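Next come two complexes built around chain A: one with chain B, the other with chain C.
On to the complex of A and B.
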């Protein structure tokens, strides 16, 4: 599984000859196959983007226009009024949920990344007894689904009376076995032993070397681990569903889920569910777009098993 | 020689650093992975006993009693059968789509591949709960933008709701799987195709004979994660309960576990969790071994 040979630290990996050049050499790619290929791409784009487009259009409509105007095009643009109404509802409980999600996912993923990177780096760069056993146990953890842990975690937290607290959702999300796996592969491939040796000769401590030298070389992997852990925590549903009773601790997914179950009793809440759904995916889409250079190269190396 | 002579004492000297590196993850992994699994197994071995009909409930060791109850629980096995059927249909469709799109992105036939890559990946940024809410609205006859379709087909009926949920899962994860396969395609050195191209092989031929065999490891990886995801299906059906009465409280194994735990019958739910985790492990392991043997042959 450590078949990564190319140095992943360089994001500009040796690419193939530019597309244009190969296109000229292969005139055999007929206009027909080009057209079919583009048609498939366009149909796929419509499939993937139409629901998001609908959500955006629906969020921008007044309640009256929502059911009476064309669903895929704008009527009176009331997006900002709708956002204001959402933020006003029940003492801004939605903002509170967004803040909770940002805390659980942002801080949680940051700490999870540091912890996983340290462990992966240590397994890659130091020899110690039981190293492979430890790594295999952690690798087994990758295969344990998060939902299988939710119920036993609830039982354990209720033993110490800590359910329905921030910690019940926050602490379990600090563990990322996949992060350890990825940082081990990445550290082995991108942190040369000579650099660690040189830092030792300069008198830097081991831990300091890791934080000042190794983390820089491992940056693409660290961003990838952070992003995927961020998404995993942001999307996590079962754990908060089981752990939390107090609405003010909910992450945004659980909050919107609860609102959605109330639509039949409180029809007005439907508009809030729609606008809330839109607002809850924007941070993730922006994060992915902003950091794409990193996670795309990180993913490339994680996939090469 | 000198290298090993120098390194040996170092390994001992760095014990402190190793502790700093390994203890945080090790402690959290033990607390929130190993101990919960052990606790679930322990809990699954208990039964509740009462003194008489109204006496206080006491948990006592019951051996495999709960596991016998799990095996006799028809709703649980029906939910396992449902997600297996779901997986047999949905996983190949999803991975097939992901593979086709990745191959197209990698071929010289498509322009603007950067845009398409991001467009296909965008749904991955939508949490399952939100994706299910969104599609629930799209399926609802009176709200959907596609009233022509939703009036002709009832996406939320007992017969079709499983496949409507399959569409939600496919929509979210095709792009993610596509990117993993696409990354594997990018890693193939282009010299490998040059000969085939000079011999006049078509893109289709190159894809079939060269590219697909080389991305089998990526397909195995995505396949295993998809199987795990399918058996764990929870958020989407839970949300769909608001849209369709056909989604029962025992629709998927995790919903069954959730409703069993809230009865509350914690020990039975724990036993179900253990059985489900084992089934997941066995299934993903089997897939791994089968595909390894096939690629080796």
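On to the complex of A and C.
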């Protein structure tokens, strides 16, 4: 999962990186180094795209062809039959999982972005006691892997009887320490104090200033945060694994994993896992391609400042 | 990391329960043990049941239809070692475990040691149900304790030998009935360019099935402490036998459950698979080109004329600790695993092979199977199930045992170390693991 989702971003870089580099330094690379760089990029591209290619080819095969034909080239093209079989299995539970993932990741990332933007903006633009301490604590949160928090979260949610509910997965998805960090850096750099002053003089309240003025200036960073959080929630597997028991609440990652563990009982299900995996990465690829432009500029700026 | 610490803490807190209840046959330690305190609840109840059997809802729906006052809600998840066991332990810790859970035979001692199971022996009809089950399965759910039943057996995996009847016949090689003949056949098959079998380096529970057949026992519990014996006489014999086949290049060593493994069967490179009853579907799915050419015979024997069999897989329906309705939960568990309609439904959706004696007579097992040349392969497996040694005991840390031994086995198939050395290392690491979990173990 991780490798496949990372690939569109990484493979996209080579197109821009050389041009950007030459603009900055003004030095033209020799033909040799350029060739070597290209070769490395090609190898890296193949490395990341081959599994996806395999997945696509495997998804297009009938069950019999799957074991009997070459793994990296097509046999009888049965992609749409396979998709139909997937949607047919267990009352289209797979579609439900896709919908759940879209809800957790889409709405979750949106709210997480707003919260992170507000927090980052506040830390960047207001001086108050304990500001740095607060920021450092949040920054510390970046270092704690989400996996380590899953079990404590489970015990906490158990106390309020909220495990095995939408909230058990949704609420923890709303926080993004990295998003707060990026927002602060970006707000400090891209939202001049003069503009905030001007807005105040014009009679705008703090909240209105934030939503109408600051968020527009911070847009590239916000898109970055949204993308990061969207991918993080979409791929978050461990938290739903621990929290959810009801099949109708599963996100697509957990659902496919559960199926995959049933392969020894029902070998036929393997074909569904493969076609399901292919379909499950399409939303990620689309999101990345759609927001790539913003994402790159946001990340570059965040890194510079 | 965090999880295993909690699980271990749970183990420490509860491990004495096994030693205590095991020797005090009165069962005063465990609530719900003997003494008739398994009474029906007042009014309608709703039970939660966590199982990873695909389509188990269909069987449960039959029950819900017939029992409006005892409704069962199905929860699901990955298979046991894939996460559901850890979830059970987390839930037991948090006090919100489901009423019923699916637990495989080899994980039962782990749950027992961590005090995660209700003793349902006092519940109506449970002790009397013993006669309905294949003998070895009952000892797995009682741990040999008096007046104790910790789960109802659900399904089993009696082992036999799948073989390519067409290839054996064409080559004029007699179908082996002893392991000695099996080795001789292996050499003949190798001359023809094939392999008699694939040594599954990562399926340690399959290897345990082979040891089980040979009469070996990996664990024993005398009520006070555990004894680990991964390197006993029988285990050594089995390990050295397969080591010899590996050394002489008489068995393939493809990683099991992979495409290349399936392809090796599909291309007729490998001629037999000593596996469990559910393996019938694995071959049919992985090697479609060989349809009609397979047959099933009993496992080869260590002594000519014997009929010992091993078992690979199988699970139970257990009532988890803390259930508010142990009576109803026990009734449901018993019904689920003995009712012909329920068993048929579970066989249809999840290919289970029932643990009841009567289950072998379900109509679905009474017919020839086309993939196996029309042979009624289930007759062989039913016979095998009756020949499984009831004394085999699983240890409380089987996941660790499987992982550690599999590490050594995968080294052995690639030429570093031997199977026996891997088991010796596993012996040491298992004793360490038990000690680390504060489970009393004989050095």
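Here, the second predicted complex is superposed on the first by the 262 of 305 C-alpha atoms of A that agree within 3 Å, B and C clash if a C-alpha of one lies under 4 Å from a C-alpha of the other, contacts with A are read in each partner's own complex, and residues count from 1 in each chain.
Note that in this section a contact is a pair of C-beta atoms (placed from the backbone, for glycine too) under 8 Å apart; a residue touches a chain by one contact, two chains touch by 3 or more.
Keep in mind the model is a prediction, meaning the values are calculated, not measured.
J.: Check chain A with both chain B and chain C modelled on it and let me know: fit or clash.
T.: Overlaying the two structures gives a clash between chain B and chain C.
J.: Contact-wise, after the overlay, does A:84 reach chain B, chain C, both or neither (first, second, both, neither)?
T.: Touch partners of A:84: none, neither chain B nor chain C.
J.: Could you say whether A:144 touches chain B, chain C, both of them, or neither, answering first, second, both or neither?
T.: In the superposition, A:144 contacts chain B only.
J.: First (chain B), second (chain C), both or neither: which does A:235 touch?
T.: The answer is first: A:235 touches chain B but not chain C.
J.: After superposition on the shared chain, which partner residues are touched by A:261: those of chain B (first), chain C (second), both, or neither?
T.: Both partners.
J.: Residues of chain A touched: more by chain B or chain C?
T.: In the superposed model, B touches more residues of chain A.
J.: After superposition on the shared chain, which partner residues are touched by A:127: those of chain B (first), chain C (second), both, or neither?
T.: In the superposition, A:127 contacts chain B only.
J.: Please indicate which partner A:273 is in contact with in the superposed arrangement: first for chain B, second for chain C, both, or neither.
T.: first
J.: Of the two partner chains, chain B (first) and chain C (second), which one does A:155 touch, if any: first, second, both, or neither?
T.: So A:155 meets both chain B and chain C here.
J.: Between chain B and chain C, whom does A:288 touch in the aligned arrangement: first, second, both, or neither?
T.: Only chain B is touched by A:288; chain C is not.
J.: Give one of first, second, both or neither to describe whether A:64 is in contact with chain B, with chain C, with both, or with none.
T.: After superposition on chain A, A:64 lies in contact with chain C alone.
J.: So the two structures are superposed on chain A. Out of 76-84, 166-174, 256-264 or 274-282, which stretch of chain B collides with chain C?
T.: 256-264
J.: For chain A, which residues belong to both interfaces, chain B and chain C?
T.: Common to the two interfaces on chain A: residues 67, 71, 148, 151-152, 154-155, 241-242, 257, 260-261, 263-264.
J.: Can you list the chain A residues touching chain B in their complex?
T.: Residues 6, 13, 15-17, 19, 22-23, 25-26, 28-29, 33-34, 37-38, 40-41, 44-45, 47-49, 51-52, 54-55, 58, 67, 70-72, 115-116, 118-119, 121-122, 126-128, 134, 138, 141, 143-149, 151-156, 171-172, 174-175, 177, 180, 205-207, 210, 231, 234-235, 237-238, 241-242, 253-254, 256-257, 260-261, 263-264, 273-274, 277, 280-281, 284-285, 287-289, 292, 296, 299-300, 303-305.
J.: Taking the complex as given, what residues does chain A use to touch chain C?
T.: 63-64, 67-68, 71, 90, 148, 151-152, 154-155, 158-159, 161, 163-164, 241-242, 245-247, 257-258, 260-270
J.: Per the contact definition, I'd like the list of chain C residues that touch chain A in the complex.
T.: 1-3, 6, 48, 50, 52-55, 75-79, 82-83, 86-87, 90-91, 93-96, 98, 257, 259, 262-263, 266, 278, 281-282, 284-289, 350-352
J.: For the complex, give me every residue of chain B touching chain A.
T.: 7, 11, 14, 16-18, 20-22, 24-26, 28-29, 31-33, 35-37, 39-40, 43, 97, 100-101, 104, 107-111, 116, 118-131, 133-138, 142-145, 171, 174-175, 179-181, 183-184, 186-187, 189-190, 197, 200, 202-204, 217-218, 221, 224, 228-229, 231-232, 234-235, 238-239, 241-242, 254, 257-258, 261, 266, 269-270, 273, 276-277, 280-281, 284
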